[in-house]
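Chain lettering (A, B, C, D, E, F, G, H and I) follows the sequence in which the chains are written, and residue indices restart at 1 in each chain.
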Amino acid sequence: MIEVIAHTCIIAGLIISAAMIVRFRDLISAAIAFGVFSFLLSLEFYILQAPDVAIAEAGIGAGLTTAIFIIAIRAVGRDEEVEE
Amino acid sequence: MKKAVTGAVILILCAVLMIPVLSLSFGSPAVSQGMDDYFIAHGQEQTGANNIVTGIVFDYRGFDTLGEATVLFTAVLAVGLVFRKLKRGEEYEYE
Amino acid sequence: MNMSRIVRTVADISFPFILIYGFYIVVHGHLTPGGGFQGGAVIATGIVLLVAAHGHEAVARQITGNLLKNAETFGLLLFIITALIAILLGQGFFTNWLANTGMLFGTPVAFGPGPGDLNTAGVIPIMNIAVGIEVLGALSIILYYMLSGAQEAR
Amino acid sequence: MDPIATLETGFGYWNPLAWLIAFVVAGIIAWVIWSAGEKGYRKGTEQVKPFLSGNAEPAKGDVHLRAGNLYWGFTEALSGYYERIVPLHSGILNDYLLWYLGVTALLLVAVIGMGI
Amino acid sequence: MFYNLPFIAVAVIAALGIVTMLLRQNLIKMIMGLSLIESAVNLFLVALGYREGGIAPIFTNAPAGEMVMPTVQAMTLTNIVIGIATTAMLLSFVMVIYRKYGTANAQYMRKLRG
Amino acid sequence: MSLSGTLIPVFIGIGLVFNALGVIGILRFPDVYTRLHAETKTTTFGTIFLGLAVVIYSLTRLFDTGDGEYLTFIIHTVIAIAALAITNATGAHAIARAAHMSGQKPAPCVVDRLSEAEND
Amino acid sequence: MIPDIIMHNLPAFLIAVPMFAAFATPLIGRLGNERVRDAWVLLAMALTAAVAVLLAAQVYSAGTLVYTFGGASPGIPVPADSGGIPVRIIFTIDAMSAFMALIAGIVGFSVTAYSMASQSRSSGRESYYMLLLLLTVGVLGMVCTGDLFNFFVFLEISSLAGAALVASRVDRGVAVEAGLKYAVLSTLGGLLVLFAVALLYGQYGSLNMALIAHQMQFTVLDMVALVLLVTALAMKCGAVPMHFWTPDAYSMAPAPVTAFLVVASQASLYGLFRVVFTLYNVTLNYSLVGWFIIIIGVLSMVVGVTMALPQKDVMRLMAYHAVSQTGYMLLGVGVGLAVLGDETLMSTFGLTAMEGGIFHIINHAMYKGLLFLTAGAVFYRTGTRNLNQMGGLGHNMKWTMVFFIIGALAIAGIPPFNGFASKLMIYESVFLFNPFLSIIAMVVSILTLASFVKVFHSVFMGPQLPEYQDVKEVPAYMLIGMGILALVVIVFGLFPQVVVDGLVAPAASALVDQSSYIASVLGGI
Amino acid sequence: MMPGIWQAAILVIAALILAAMIRLFAGPTAPDRVVALDTVNTLTIASMILLGVIYRQLIFVDVAIVYALLSFVGTLYIAKYIGGEL
Amino acid sequence: MIPFIVTTLFAFLLYLVLTAGAGDLVWWSYSEIAAGIVLSLITAALSRTFFCRNRDYRMANPVRLILLLFYIVCPFFIEMAKANLEVAYRVITGRIRPGIVRISPGLKTDFGVALLANSITLTPGTLTVSVDDDTGDFYVHMINIRKGLETKKITESEDVFTLFQFPAWIRRIAE
């Protein structure tokens, strides 16, 4: 039962960070939220007994994807332009 | 108008995405799990790999892995292609 | 264009560790969690770390883009040739032609939990290594390209 | 007639070779008529020079109808349709995604509604 | 129902990704939405193969017990690598577009229309 | 046995308390530098204690069963924690430096020699 | 003559040859000069086409071919001790798959030959060739595979390679815009396909198409999966109203790539047919899905052709025609699907409609490829694609003009070219189903002719314009590429019955016959 | 030995992760958010080590090592961007 | 050549540590050792220029390594515990008096600087913000500056470290 509650907490964190990705106007903040999302997703994979996938998500999702997003944001500009 | 359509589309897709939530049951998967049981029961002896996932990735479904490596290769080619240095005079007109 | 002295030093010191750990993941792919992709991604992330610390021109002098490109091509060719050899031996494409033969990587394994031996699993370790080399080359070269593109943009 | 060239459509048939032969025959007839034309026609003389409505033909570059001028009447007649359909191709990625997902949602409603 | 937690997460995350793709105009944000959908699909695949009380499908020093389904994990691995490849390609396209157009907003990226 | 039986809960308790303090710290402190203090020190320390609990547990298992896998487990846990300590400290330094370079001043600051040095 | 080891492993070689060639191209490029590399690529494409032809011959003579990847003996798909479940990836190549592979082989070879000359002025050629080979791999894999996840992987390969090729002319950023649109849409489509695959896997615990088709229950989840698959694949093949990426991508890609993208989109069309006919067949709600396909087909025909008429970019005009022609295929096969449950209707006109639709696939690939290649040839010499700036090119580019005439007459359905034959079959059979649809199809055909008259007039006719005085005929490689396709168009037009009997009818009946597909994999259940 | 203690620790850590998300949401500037990211990262590693014990799957700690080594890279890149050095 | 050998040895040692407990040759199996040698060579080939950037092989001395280990276990850990208690106190009470001060430990080698910086970051209420590349001076953010400390231009390291003098320790280890 305790595990179920912990699992619920992690799922809630997953959903909240996903919502933050959608909500943040600042792209850097969105990228940071994406990093958190990747961490929690990897933890979720770990809980679901998929260590292979967790390693892949940790290496690729947390490290590389964040780096690639940051590079793209560096080239494109930080603020999400909003249509007038 | 467009906003209403967008909202309706999102609502419908959310409702549809809820269907698996209601009808699949987490923790006790498909009725027929013959393929996975086969992998767990025979994979270790047939491939010699203790890690069944690796056994599937490189032996049973090795062809998928080849395709996936090809996807990565394709992405590298694509990124290199769009960032390449253009030759002089290699400009095309548009409009 | 590069980080402070501390970050550089830590990156330098931890790079061999990340590398050897990535190789550990690659060659133990058939025993522990991991495999070619994961190990390759770990190594590529190590290179990415170096790039973060030293700037990509400085790193590209040591680990050149050509080296990485060659690694990628070599990995893919090794992968597909390993798979094609099975056809020459009269079996189907992608058959595990080394498993349970007693040769290199061919030690038979009995069913059930065990400590595992590096010398098993037939072509799987070879393919692991091939894919590891390919992924490490591919992901790092993507980063190189993107960084040079980003610098061109400014 | 060679049956190999006949297409049986299930309701009738169609033979391209017969059609070709008819075409060739028509061509021969045309050639015969053409060769029976006026004998007094000479190249390089004044009589070759074309006139448009009694005026001398303008320079070659001017008479070429550019593509934009073709079918003006057609598009004009259907302007109501075109005014609706062209803005749909707005070039905005969000709209394209909305069309795709919208059709998905529509068909989902239809199929699941009919299925249950 | 209550225990279908990962599936609920899948539905919500995928819906959020769709919302991002439909309503946000910044191209990088849209690609983030795409990555969200991809993560949702990955989570869906892994959650499909989970068996109650199962252990990871690795025989090295494994405790006794039923194993979770391995095929979905292999598929997820494949999809993760495909995802990073796609993301890298799309982001580099966006970078080139920004360099040429001076904007990364989907509303202004419309030279091709009609 | 009894020693480990008492040590493990104690270590876990210490670890959790420090982790909790770290999280409270990042919520309570006023600016990014002080938050980094809480984040770096306390959570790393707490995690080290959690790792120590795991190591002790594995040691008892190792002596009970004599399985080589527990040795591997201990070594890997130690490596993980060492890597965590190094990367956490360096990462905190990088963030602090970046925050300072981006022009963020320490909020209730008594003295700021770095800005003075940069302004010279 | 040909060693047994090759004959037994043809499906593997179909993928392995172009893939290996693509991987080895950088190596070859470094060993030799550019000429050696070009020859290597051309050789690889020729070998692929040859393998496709051999494979088609084998399939058409011996029936459905099954190849198991990783099995010690590839011919046995189901291991003895697995309880009747195929555990490995299986290629199931029936007549329809072989038909599509044949198209991909022919078009791929002629496109590569054309590229040898047409790409000679641009940089990044090595990547271009590799991507072209990989696009071929993606298409061939999509049409041959019998495994759902494998289908997704090849779909992604073809999407990524296609997007990269579309974006390959980066100079003004417009091509990259088109590539981005294509890539985003097709990635989203691919993800939804994977979601559908996961839904199917969650219920049936298998990824093999035949096994899933055998066990299909048509529950609510199956319906969701069906919709996701159908819309994603319809989007990928460019059906209205999901066609918006098509004109952008087709018009901005280099001409040979566009010619091959047509085949790629038809591979998606193949996937759509495979899903509705093989995966869901008997359980499907025929009339609803059939009518959906008919409606998007008719919409595609009408919207495509009407949007094509006022265009002034020649590639864009042809791209809209590609949308329009896709509508014919959807219409033909959709009519077949709508009457699938009714034996008598099926035998009266359903099968003929499907044959027409499938015949139109190969015809369209040939003549539309030819037209795109001629447009590329004009662009190669003039440097513009704006119809308003062209004129009088017929004086200098005679061969190109001839090829264009062949293609244009074929697409407009003028006898005796191949477009007429397939359109005739569609008109007649659809007339029995619903006369209104048939009339729409004929009107669309007339409008097609009209718009190609416009192109012909403004590009080739008229006096020699001063800026194009010294335009020359395109190089021989490009003429070879166009010539192959033109030859196929003429031969298919002159001997339609041979093609229908020999290629199309087996493909259509293989598509309809679900039970034999299942039996060939699972072995007579 | 007390069976539930590891699970209880996991529960506490999960709650702490949720609490750290508040800073992620509220943080006025990007560096504050990175602090939250680092916190989540550390807590995740802690919970991974603990879960390795709970599942008795000792090889799972490999994941934690990968995490500890690599999550740093993302932080570095963000820091590099914020510091204007990229 | 020397960098290569040093890096190889380091990598091989790490590999052995990682795979301990795998076989019967003490703790390793033959195949693991063979694989380890090959992989260490590859690792060294890729990373030798980074690992031995300054051609400084002082740290290869086993005495220094043992000293480093002792340093980490004893003074460092004690300081860390103390620091944590202090930060805990600050967290609970909220009494802080932050500021950035400059200290001049006078370390030269990269490794020494990095080690000291990380030590400072993990210990008593201090956080390395920046390091001067030329002089090796540290700018340290302190969470609680004692009264009177803020007036000094360059703070003495005795004022920062109370129990153990880290710079002296590290000088003994790394220089």
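Everything that follows uses one rule, which is that a residue touches a chain if its C-beta (ideal position, glycine included) is under 8 Å from a C-beta of that chain, and two chains touch if they have at least 3 such contacts.
All of these numbers come straight from a predicted model, not from anything done at the bench.
Under the touch definition stated at the top, chain B and chain H share these contacting partners: A, C, E.
Two chain pairs are in question, B-D and F-H; the one with more C-beta pairs in contact is F-H. Using the average of C-alpha coordinates as each chain's centre, D ends up farthest from chain I. With centres taken as mean Cα positions, chain I sits 61 Å from chain G.
Averaged C-alpha coordinates put the centre of chain B at 36 Å from the centre of chain F.
We define each chain's centre as the mean of its Cα atoms; on that basis chain B and chain E are separated by 9 Å.
Rounded to a whole number, the gap between the C-alpha centres of chain E and chain G is 28 angstrom.
Residue positions of chain C touching 2 or more other chains, listed in rising order: 3-4, 6-7, 10, 14, 17, 21, 25, 31-35, 37-38, 42, 45, 48, 52, 76, 80, 83, 93-94, 96, 112, 114-116, 135, 139, 142, 145-146, 149-150, 152-153. Of all residues in chain E, those that touch two or more other chains are 3, 5-6, 8, 14, 18-19, 21-23, 25, 27, 30, 44, 47-50, 55-63, 71, 73, 75, 77-78, 80-82, 84-86, 88-89, 91-96, 98-99, 107, 109, 111-112. Across the assembly, chain I contributes 18-19, 22, 114, 117-118, 128, 130 as residues in contact with two or more other chains. Residues of chain B touching chain A in their complex: 51, 53-54. By the touch criterion stated above, chain F contacts chain I in their complex at residues 18, 21, 24-25, 28-31, 33-34, 36-38, 40-42, 44-45, 68-69, 71-72, 75-76, 79, 85-86, 88-90, 92-93, 96-97, 100, 106-115, 117. The touching residues of chain H, counted against chain C in their complex, run 59-60, 62-63, 65-66, 69-70, 72-73, 76-77, 79-80, 85-86. Only residues 4, 7-8, 11, 14-15, 18-19, 21-22, 27, 30-31, 34, 37-38, 41, 44-45, 48-53, 56-57, 60-61, 64-65, 68-69, 71-73, 75-77, 80-83 of chain A touch chain E when the two sit together in their complex. Within the complex formed with chain C, the residues of chain I that make contact are 7, 10-11, 14-15, 18-19, 22-23, 29, 31-32, 35, 39-40, 42-44, 46-47, 49-51, 53, 110-111, 113-114, 117-118, 128, 130-131, 133.
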